[in-house]
Each structure stands twice: as structure tokens, then as C-alpha cells.
């Protein structure tokens, strides 16, 4: 943890328009190249935390720095440049089902192209080659020309990883990447993410429900409950008991605190 | 005890609620029947219906094709052309209207989408034959006026259907594109359009079926197609001519419905 | 496993897509030629179109009082027409339903008749009925009755085909005849759908009935035609506004009722 942080949260809070609290005074510093796992109950603010980093969600107060630069007021071109450097993986893969795998992977590259060039599909030879390599990296080279909806769920998620890789990202955000997959494909998706982290020194942030996977793949685990950061330990110090506590519903925890 | 009587009387009300509805329906129907005076049937009605039936079973086969360009086949082809081109133009024009009227995000009053929906309702309600007459003033009588009328009138329905499929579409791919740094145009081309296009096509085909029917009557006000000779034949009481035209329309519409239905099944 | 597949020439250059696209473009050009599309003329004459719109933008408000009666007559026509059409449609829809009538031949004939009726556009029926019964709202009622018969019988038999078969079986086991089965097992299940479809058809008929008068079949359409023939576009505007209001009100009422029903 000697490197300077690539992402830094300073007193970040977010309240939704309808009054629900998304995040509450988060302070967090993530070093370059870390594999960070975020755990917590659904509704604890995991997705919100993740989406504030690439500004898919705006925050109410506080400040966020990516690569030493504040991102909360970025707009237009600069915002798109930030997003280009951050890949994102979704629970539902979010591929365009009726487009080919090739087009889906190439669509990760649009941030590098002008509107008219990308609209006409004029991708460079190098980028087309890069798409093939990205796909081969996740073991799906032979699916290049298939339609996305012909693929299984696990394969679709790996195509999504290839798409994120096309962005040349410094950071990859994975929001519940395995929540709609079966246990077998779960492994390969997590492996792909781990390889991005190890081979390319990409910072990876993953939201997970599975405690065992969190311990196996993460360098560090943070826990959220009711929008608050309640846990933050390197993997070496994480115990099963700690993690169980994070998954306690808020009401039970409060009761036990009162009793204590 | 008191509570019991209260619930009893509400029960009584509920039991006789249907009487209230029956009374309302009765009043509406009495009003309705007084409006239409059943005195106007001509004495010749029976004779005319018999002539029409005779005409349909003894159609004027010579009219089917005579190479003049004013025969059944040519005019039905022209009708189909009007419907096709009108629907095509309308589908293109409907896309921006659909995005205008689509309510994206939270389900509450929204100035943009509500105004868009209102405009689409106005277009839908504006009678198509009045549109045709207006276009005839601009471009003269003929099938071009028909094409224009179909193009504009269809926006009302296509825009509504398109906007509904935008409202119901999966926003995931658009989110993915935005998160990778795509701008609005790129998100539209790479995510939104590929997602909604099959539905748009299916609705357009459906609207084409309707357009074939309406194109076949636009001729009655002078906007081209098979409607013109049909009205003429009815007014001059040439029943064998009426018969063959009706047959032509029935066959065409049935065929188009069948083809379009098969295509739509393959699309979705 | 991980080798990029090679594509044939047809796949690589999307020959199929290109062929279809070319055909489509040729079709567009062909139909444009056939219908005499001339956008240069359209824009050259656009002034006439806008002039017409300008005249319509000045509604002749004094005409309003004259329009109320024919608009009410239009609704009355639509109401009676839809009702007659629905009453005739009910037996036909029962006969066309797969789960009631097992005889394929009878069902086929009934469906064939229904399909034929549905191909005929409303204004064409109006023209025929004006020729048969003469000018006036009676022709309109006949037109709408036939038109709604075609539409509603299809909606009805599709509703009947989706019912739960259980009660049917139970009644059959109890020794009920066909008519008893329809009355006790079918009607209670589909009643709300029927009312909802009736209202929906009524909405469509109100729209349709506003123009039937153009060919002499009664209602507001008669006045519409008169105002257009006399170039009295201020009156046309009033009529269209009236139609718009009535359609919006009927749609609103009918939608609320339908939502409560289903």
C-alpha cells in the first residue's frame, strides 16, 4: 500500500431525491492495482458507491478523486474521457442482444472515436485485431461473429469483460458480475477479472454477495451497511466472523449494540 | 350491535349497486335510440342489395386487366404502393416523435413526454380523409396526396407504439455504452436502436396492414388508388364492377395480412 | 476452440443484407414513381397548404352551436351500431372458439366469414349502405354494426379460447348440454373481457363514425363534407375541434371503465 491512491473518497454522501440515503460520509482510499471487494446486503449502497466513481450517479456532498483529479464537476467531453478510462461490468451483462459479439466488443471502444466515424462503424484495423485478442483472452475467439443472444450467460459476461478491456481501462468496476450465473461459470468470470488485475495492473472493484469468493479473490474487503462504511480490512486480517456481522440486518445489529 | 347494522347497510348497498349501473346503461340507450330515426330506409333497399349480391357473384372480369392503367390490377398495385410508401415515410418521421413522447425514468408528470403524447393524440384523431383533402389542395388530386395523407396520419399510431417500446426497453445496453464513455449519438446507434429496431419493424408492418385498408378508401375523396373507381361504380350502380373491385380488395387485404403476419412472427 | 472462425464471401460482405436492402430501395423508388411523388412540387405548393392551415387556425366560433347536435348524433350512431354488432358477434364468436366447437369444418367456415368481413374498410361499407338504405344515419348504423361485428367477434373468440377449462369439464361431467355450459362456465369467465372489448370497439367506432357522414351516412361527417366543399375552413376547424373533444372524452371515460374492469 505504498503507491499513491488511484481513487479517493473524501466525506462522500449521497441522498436520493425521494429522501433515501445512498451513501453516508464515506472516506476511502484505493491504491493502484488493488483487487477490492465490496460486500453488504442489497440496498446497502454497494452499487451506488461503484457508480459514483464513473459518475453514473452524482453525489450530494464531498469529493472524489480519480488519479489525483477531482471528478465531481466533470462535464461533457471530460466526463466521457473519465468514463473511457473506467470499464464497467454489470449483473445483467448489458450486451446488445441482437448485435454480433464483434460489434458488442468494439462498442467498448467508442470513447476513442468521433461520433460520425463510430456511427458508420469505421473502426481501425488495429482495433478490430484488438477486439479479437480481447475475445481470445476470455476464451471466446470462435464466437466473434455470433449474435450475442446465442451465447450462454457466462459467455455473455465474458464478452462484457472483453468489451471493458477494449477501453484500455485503469479501473474496472464490476457490479454483482456473477449474481445471475451458475457456480461453474462464476469461476471463469472471476478468473478473468483476476487476470486483468494481475497481468495489466488494473484496479478492480467488485461487488459480491459470496463471502467465500470475496476471501479467495480479494486483496481487501470493505463492508457497507445502510450507506455507511462499516468494515475495511486487508484480506490477511479478514475473519469469517467479521463478514457474518456485515450481513446482519441493520435492526439486529443495533439491538446487539444497545445490549452491549 | 351497532357495528353489525352498519355493515349490514353497506352490504345492502353493495347488493343493489348493479341496479344503479343498469339504470345508467338504460338511460344511455334510450337516449341513443331516440337519436337515430329508423324511417330513412328506402323502398328499393331489398332490390339494391339483391343487385349488389348479384354483382358480387357475377363480377365484371374484363375489368381485371385491360392494359389501360385504369384497370383493377393497376389500381390495386397503386393502392399498395401508396400504403407502402406512406408507411415507410411515416415510420421514419415517427422515430423523433417517439423519443419526444417516451417517458423515461420516474413515472410522474413530465413536460416533454406529456406534450409529445398530446401531439400524437391530436395527429391520431385528425381524420385521415380531411388530411387527404388538404393535401389535394396542395399537390392536386391523385395518389401523391394519398401517400402524404397516409404518411402524416400514421405518425399518430406509430409514434405512440414506438414510444411505448422505448419506454419498455432494456436500458442496460445504453447504460453500458454511456459508462464506457460514449456520447448520446453513439449510445443511440450502438445500444438504443439495435434494441428497439425489431419491435419498430414489427409495428411498422402492422401499420402497413391498416394502411392498405385506408389507402383503398382514400380514392373516394380523390386521393388515388382503387377507391375512386369503386365510388364511381357505386354511384352509377354498375354492380358487376362493384363486385369485382370488392373481390380484388378482399383478396389483396387477406394476402397482405397473411404475408405481414408471417413476417412479424419471424421478427419477434 | 479459440480460433477466430473464417467467414464465407457471402457472410463477410453481408451479401444477404445488401440484396434485401437493394430490393427495398428499388421498391421505394418504384412505388414513388408509381404514385407520382414529387416533393419539389409539394414544397413549391407548400404556400397553399399553409394558407389552408392559416384559415383553419381561425375557427368560426359562431358555428359551434350548430355542431353540437350532429356530434351527439354521431355518438348515438356509434352506440347503436356497436351494440347491434356486438349482439350479432356473440353467437359467432362462440361458434369460432376452438375450445367450444370441436367441429373443425364449422369453425373454419365461421372464421372465414369473419375474416372476409374484417377486410372491408369502414368507408367502403358506408358507401355501400348509403346506396342500399339511402342517405342518413341508418346507413351509418349499419356500417358500424358490420364493422364492429368483424372486429369484436375476433376479440371475443380469442378471449373465449383463453378461459380456464376446469369449470367446463366439471359441468360436462355433471351432464350439462352445450348451451348450459356456455351460460354457466363460459360467460362468467369472459364477461369482463367482453365489456372491456365492447368499450374499446365503441372508442374506435366513435372515431370512425365522425367521417362516415362524408359519404352521406349521417352524423358530423355530413357537416364536415359541407364545410370543405364550401371552402369554409373556419367551420371545418370547429368540427375537427369538436371531434377531438368528443374522442378525448370518450377515450378517457372508456379507459377508466376498462381499467376498473380488468
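Just so it is clear, A, B and C label the chains in written order, and each chain counts residues from 1 on its own.
As a convention for this text, contacts are C-beta pairs under 8 Å (C-beta built on N, C-alpha and C of every residue); 3 or more make two chains touch, one makes a residue touch a chain.
What you are looking at is a predicted structure, and each value in this text was computed from that prediction instead of being measured.
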Which two chains share the largest set of C-beta contact pairs: B-C
Most distant chain from chain B by Cα centroid: A
Centre-most chain [mean C-alpha coordinates]: B
Distance between chain centroids, defined by C-alpha means - chain B, chain C (Å): 7
Centroid distance [mean C-alpha coordinates] between chain B and chain A, Å: 47
Euclidean distance of C-alpha centroids - chain A vs chain C, Å: 51
Residues of chain C that touch chain B when the two form their complex: 27-28, 30-32, 34-38, 41-42, 45-46, 48-49, 52-53, 72-73, 75-77, 79-80, 83, 115-116, 119-124, 127-128, 131-139, 141, 207, 210-211, 214-215, 218, 224, 228, 236, 240, 243-244, 247-248
Chain B contact footprint on chain A (complex, rising order): 54, 56, 80-88, 90, 92-99, 103, 107-108, 110-111, 113, 115, 118-119, 160, 163-164, 167
Partner chain C, residues of chain B touching it in the complex: 28-29, 31-38, 40-42, 45, 48-49, 52, 77-78, 80-82, 84-85, 88, 121-122, 125-130, 133-135, 137-139, 142-144, 146-148, 213-214, 216-217, 220-221, 224, 227, 230-231, 234-235, 237, 242, 246, 249-250, 253-254, 257
Residue ranges of chain B touching chain A (in the complex, touch as defined): 170, 172-173, 175-183, 185-186, 189-191, 194-195, 197-198
Complex contacts: residues of chain A adjacent to chain C: 132, 136, 139-142, 144-145
